[in-house]
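Letters A, B and C mark the chains in the order given here, with residues in each chain numbered from 1 onward.
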Amino acid sequence: MAIQTILVINKSGGLVYQRDFSASAPRLSSNEYLVLAGTLQGVVAIASQITPKSLQITRKTGSKSGSDANHSSQLVPYVGALGSSAVPAQELGSFMGPDYFNEAFTSWNTTGLKHVTTDQNSLFLYQTLTGVKFVAVSSQSATSTMAVSIAENLLRKAYCLYVDYVMKNPFYEPEMPIKCELFDKRLGELVAQL
Amino acid sequence: MAIYSFWIFDKHCNCIFDREWTLKSNHASGTINSKLNEDTAKLLYGMVFSLRSISQKLAGQGPHNEIRTIATGKYRAHVLCTASGLWFILLSDLKRENLSEVLRYLYGEIYIKTVVHNWLSPIDFAESEAEKRGRGTRKIRNRNFLQRVEEFLGPMIN
Amino acid sequence: MSHKIINPSTSVAQHPAPQGYDYTIGPQQTLPDLPQSMGPSSASTFASTGISTTGPSAASAASSTNLASGPSVYSSSLHPLAHTQQVSLAAYAFLFQEMVAQARNASKSVAEIELRLHRHGYHLGVRLLELLNFRSSVNASSRSAFFKTSTAGPSSTSATVSSSAPSAQLHGYHSHGSGDAAGATAAAAAAAAADDGHALAHSISHMKRRDLTMVEILQFVHSTVWTYLFGRPSDDLVKSSDRDNEFMIVDHAPLLTRFISSTNVQCDFFVCGVVEGVLDSACFPCAVTVHSVPDDKFPEKAVFVVRFESAVLEREALRA
């Protein structure tokens, strides 16, 4: 799975970070990326509005077993160290080795948009509890659940990096475009491991 | 339940057919061409439209880049866009990863044979200018079409 | 809320600590929070030995073995109540971030931000010299002897504390404290802690000799101060080949600025302040600056340059 682009969208739908990782990445102007971010923000909200009625019915009348099944489907399995070698422990910032996290995690994005496939690309979206969205565009049209969980793991690690190298940087203004060398560097290393 | 609903949109952004199942135990449950679904149809259209524009931008100068599936935490939407501007959309659960064959069958075998080949059925459901741009209300009411859709999708809903 | 929040600190217990400095945990906490320890007079030391004879010995034995297993005197707190020696690196980073942000808001120029950070660090350095010199005077034997006599350590149960409290009152050694303190256990613990401070001071037989030469005091900074602050000695200590009064302390990956992408502001000036504070209060007036010297292996390498004043060199020449 080749990651072309990673975007970070803040909670109000503004694009705060965009980076291409491969030469085949789409060439979009910065304005187009801003529009893209705003559109995605809207689509995430719409997608949760059109949840089918039958799902709403089963959730309302839902017995315990129903809600349990729902819950387990939101659990994203941990996919071991992505790629060949794990990052050396001292590169993990404030996270404990051998990896940023080592257990399955619950997706906070329960009803919103998660994953889009087209003829050429797939687009993965990871939403944090605070509403920050991490978007990855890959050059393969992958639908398998494995690909989705790999992408979610990758984006969650990107979130870990964001927490360390962006939020702990005193020179970063919240909600503003991210210009942090260390974040760039670590994210590059993370994607290169794939 | 594997399939939740089935929608067709025409080139004028009108929803010309919708079928939603509400109970997985009952094939006949739910609504056909319901007025209550109008808002949902608009939202669904808007979502696919936005994502299509994104995907076309991402493709750049290359060949067409049509949406195939859209997944959320709860359901997955499968999309087939035809050359004539029709959209066939199926909403299924997350276990169904690819329903493009089903959509192709719905288009090629059912829609073509019961609507297009039917001399009495209109091809363009917007009859006047006022019914274009998403304001049309006409639906496919062709009995043959309805029956074949039920026969084909009914067994799949659970 | 059923969502699980990423909390790196929770998984600490599952992993055995690797060798060297543990980045998840950050620097080890060594600040003892002495509660009103200035109270009792020297007579109370006798009372504290009285407690040790009356109090149960099982708990104290367990606590002393725990504490004796530590690697060195520097790496753990001398205070028996400071049982958690670890500070989350994230908390440390956020605190530092806030400090830099405050300095930044109050300043008009880059130099002013650095000056403010430097000043913050200076005050820390002045205090650090006292504390660390005192600690290095405590050798292992006096320390273990001291911890054997202390009873109300963190591991002792509330039963032992409450049983030792009346006995302490019998000895009449803290008539000033127990009257107004409502919680009997809290009062007993605090009183015992106050005693320990004195007991420890008395158990020191030889104070550490003062560092008199430039090399000695720099060694002290390089190893002791660095270990206290960052959990490891600094990576190198070099004498400048050009100037006699210039020394360089090299740190390959400064802990404080781990998460700060290099900008035109050097946040390591805080550490400069600490070093300068230590050296100044040890009567080695100097100026300390930091330079970021990235190389292939260590992209965040920083070099702290210490320039002693000429008076220091003259003094050293006289001694020699």
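Basically, contacts are C-beta pairs under 8 Å (C-beta built on N, C-alpha and C of every residue); 3 or more make two chains touch, one makes a residue touch a chain.
This one's a predicted model, so the numbers in the text were calculated from it and none came from an experiment.
**Q** Using the mean of all protein Cα atoms as the middle point, what chain has its own Cα mean nearest that point?
**A** So the chain sitting closest to the middle is A.
**Q** Which of the two pairs, A-C or A-B, is linked by more C-beta contacts?
**A** So, comparing the two chain pairs, more contacts are at A-B.
**Q** Centre to centre, by mean C-alpha position, how many angstrom separate subunit B and subunit C?
**A** Chain centroid spacing, subunit B to subunit C, equals 68 Å.
**Q** Averaging over Cα atoms per chain, report the distance between subunit A and subunit C in Å.
**A** The computed centroid separation for subunit A versus subunit C comes out at 40 Å.
**Q** How big is the gap, in whole Å, between where the Cα atoms of subunit A centre and where those of subunit B centre?
**A** Between these chains, centre-to-centre, one finds 29 Å.
**Q** Where in subunit B do residues touch two or more other chains at once?
**A** Not one residue in subunit B touches at least two other chains.
**Q** Residue numbers of subunit B touching subunit A in their complex, please.
**A** It is residues 1, 4-5, 20-24, 30, 40, 43-44, 46-47, 50-51, 53-55, 57-60, 62-75, 91, 94, 97-98 of subunit B that touch subunit A.
**Q** Under the stated contact criterion, what part of subunit C meets subunit A in this complex?
**A** 2-6, 8, 11-12, 15, 18, 23-24, 26, 88-90, 93-94, 96-98, 100-101, 104, 253, 258-263, 265, 267, 299
**Q** Okay, in this complex, where on subunit A does subunit C touch?
**A** The touching residues are 71, 89-90, 92-97, 101-102, 105-106, 108, 129, 159-160, 163-165, 168-171, 179-183, 185.
**Q** Which stretch or stretches of subunit A touch subunit B in the complex?
**A** 26-28, 32, 36, 39-40, 42-43, 46-55, 57, 73-74, 107, 109-121, 123, 137, 141, 143-145, 148
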